[in-house]
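Naming follows writing order (A, B and C), and every chain is counted from residue 1.
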Amino acid sequence: MKRHLPETELARDERFRRNKVEDQIFDPRNLAMATRDLGPAQMSVDRPSVSERSRSLMHGIFVGEIQALEGAGRTCFDFDDADAPFALKLDMARQCWDESRHVEISCKLADHMGTDIGEYGESTFLYAAACNTDPVMRLCGVNRALEGLAIDVFSSMKAFGETTEDPILTFCEDWMLADEVTHVKMGSDWMRRLTENDLDRRERALEFQRTVDKVFSLGGFRGESEENPIQITRKFRELAGFSQAECDEIAALAQQAMDDARSMVAAAAAAS
Amino acid sequence: MTIITVSSYVDCIPEGSLSTARAPFAPWDRRTLPGLFDVEESARRIGNYRWTEMRLFEALGGWVATVPELDVKMVLGRHCYHHAWHAELWTKRLPELREMNVDRMTKPANDEMVAFMNAISEPEAPDQTIEKLVGVYRVLIPRTIAAYTYHLHATSPITDSPTQRSLKHALQDEFEGYCDGEMLLQSLIDTPEKVARAMKRQTELDQIITAAGGITGPGSIGTQPETEEGTV
Amino acid sequence: MANARGAITVKPDPFHLIMFDAGVIRDLVEEIAGSLGVPTATNIQLTVDEEIPMPIVATMADVVDGGYDLWCTGACFEARNKSRAFSEAHARAEITGMILRANDRVSGGFENAPADSELLPGERIAWDCYTMGRVASLGHKVHIQKRLYDFRLQHGFTDAADAAFDRLWNTSATAFEAISEVCVETGAASRPKPKLRADLIRAGKRK
């Protein structure tokens, strides 16, 4: 088996269908939707599409967990002991088990919410962030950026479960949230340890994290206003080792991602 | 060596006395002092275990992304951690056996064992799930169970008790892992052609690990004593 | 596009943003309307808002001047796993549901029901439950767990809500009064009224 498996080679059964990033980016409806007032983007029980939105998000979480499992597994295999010490691989193996459970939980939740495996397309950009050949970059991209996003997503889903008084969703999201806080903390600790004597490498890794954080703010998907379906969760991020300043930075990146998206829409509207 | 017997245990409690003095070994405690391994031999074997468990958990982690079957993917993710944790158990035990440099003792039993682990982790394609699982669950895990069980039975239950405890923890996972893997295989092998594939793969790998003598080399599960001919 | 039957219109025609064919959709509407006994004289207008993608699914079925005024987001007919592609299975089920509800408004016990824009979420989802139960009994592959989850979101994750769901799902005929009773029974009627109008999406207001 070769080291460093590209995202194009991720193995899936025939139920899964891969979304093409270009299809999403160049979807001609984006421009129209950006100028429509459909009410707040946060999932709310009084909106007509709430169940379908929560189901598609759950499916997104499910495929995201599969990719997180695959990413953690590859970190166990892709590096020599010199690049990734045993203790780091042990943590990644533990994360593998955690992500396996999350896949199981997501499958059960998908059943509960009434969706089937493969009902929605899969985007593999999450795994793509786990393909970096530098383990420190990978830790920053995956454990700090993506697992950080997972904290925000699970926290938002848990809040949705509480609002709708759905005991199953609330219970499951709470447990998964606990694991994600551990994973983010793991990433923060290892990033600091591995770059203790190489501050340039640390800065490069943090820059990579910023890039991933901005990409995963997805032009307003995540933020701190009711226009953002996923809310940045400062409380749990701080538990996971993020400083107040780092939380502020992520919030600013998310805002910037939303502003950039709006500027692009305005430019496209002006051009059309 | 003094063997504490039931009678001596009872004898040491004076009749009608309120004494709390008791024999050091309860009557049901039949452990004996000697074991087959000295400190060095136990450490050598544990070094081999650690090397094998490490190569195994790395391969399992690497395979997660290469198997399309969702249930297999999740089982590999779980077992990846089990084997990493076994490696951690051995990481902690080695310094207690006078081996402060854990990495120095973490090595394969011999070159054949290296060839075996390379062969086990070689399949990558998504249509090779059977080959991946056969290598682990029909060849390596049974050999690991055998070697751990031998160590458990052969080492001194008093002097090497910490190793025994770790072996028992690891064995529990190995048994459950073996069942998980075998059941996955039985559900995947559903045609005569797949039976032949699995057998072929098992034979290839069995040849290599037989040449290695097991995961700790020749004597992994002990050796038969030579019988003397002509005794009456 | 109006056909010789004189009463079926699908908008837009053609579609510009998604890979839907108005003719195919009109044929489906005609076939389904025929099978559900809609009088041939009835005008049916179906507007598909092609700007709205998955996962924003929403439909409305009102009767205006005796004609069926149907509206849905493009997401309703969109393949779940391929962006902008048409799914005949989803389209058939959704069109069947919309026409059943319009039929209900004409002579099915829902003659006095408020317009879709005025329905409370609990009322709407209970009516949808009754509708999709009938859609399933017509042979469409309806995901019952999906509909149960939709129902629970508005009526609660309780045994009482599940019992009401079973009742509505399995009945072949009911009336709007029964829907209102279910809302009282499950507590959905006492939930706060939504802050936003149900037809905000349809209004298509620009920012």
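Note that in this section a contact is a pair of C-beta atoms (placed from the backbone, for glycine too) under 8 Å apart; a residue touches a chain by one contact, two chains touch by 3 or more.
These figures come from a predicted structure and were not determined experimentally.
Chemist: Report the chain ID whose CA centroid sits closest to the centroid of the full protein CA set.
Modeler: A
Chemist: Going by the average position of its CA atoms, which chain sits the greatest distance from chain B?
Modeler: Checked the centroid distances; the maximum from chain B is C.
Chemist: So the centre of each chain is just the mean of its C-alpha atoms; given that, what is the distance between chain B and chain C in Å?
Modeler: 61
Chemist: What whole-Å value do you get for the distance between chain A and chain B if each is reduced to the mean of its CA atoms?
Modeler: The separation of the two C-alpha centroids amounts to 38 Å.
Chemist: Just give me the whole-number Å value for how far the CA centre of chain A lies from that of chain C.
Modeler: Distance between chain centres, rounded to whole Å: 33 Å.
Chemist: Where does chain A touch two or more other chains at once, residue-wise?
Modeler: Answer for chain A, listing residues that touch two or more other chains: there are none.
Chemist: Provide the residue numbers of chain A that touch chain C in the complex, in ascending order.
Modeler: Listed in rising order, the residues of chain A that touch chain C are 17, 19, 23-24, 27-29, 32-33, 35-39, 45-57, 111-116, 118-121, 164-168.
Chemist: What part of chain C is in contact with chain A in the complex they form?
Modeler: Those residues of chain C that touch chain A are 16-18, 50-58, 73-75, 80-84, 121, 124, 143-150, 152-154, 156-157, 194-196, 198, 200-201, 204-207.
Chemist: Taking the complex as given, what residues does chain A use to touch chain B?
Modeler: Against chain B, chain A makes touches at 1-3, 5, 9-13, 66, 69-78, 81, 86, 89-90, 92-94, 96-97, 99-101, 103-104, 107, 117, 127.
Chemist: Report the residues of chain B in contact with chain A in the complex, numbered from low to high.
Modeler: Touching chain A from chain B are residues 54, 57-70, 73-78, 80-85, 87-88, 91, 103, 121-124, 126.
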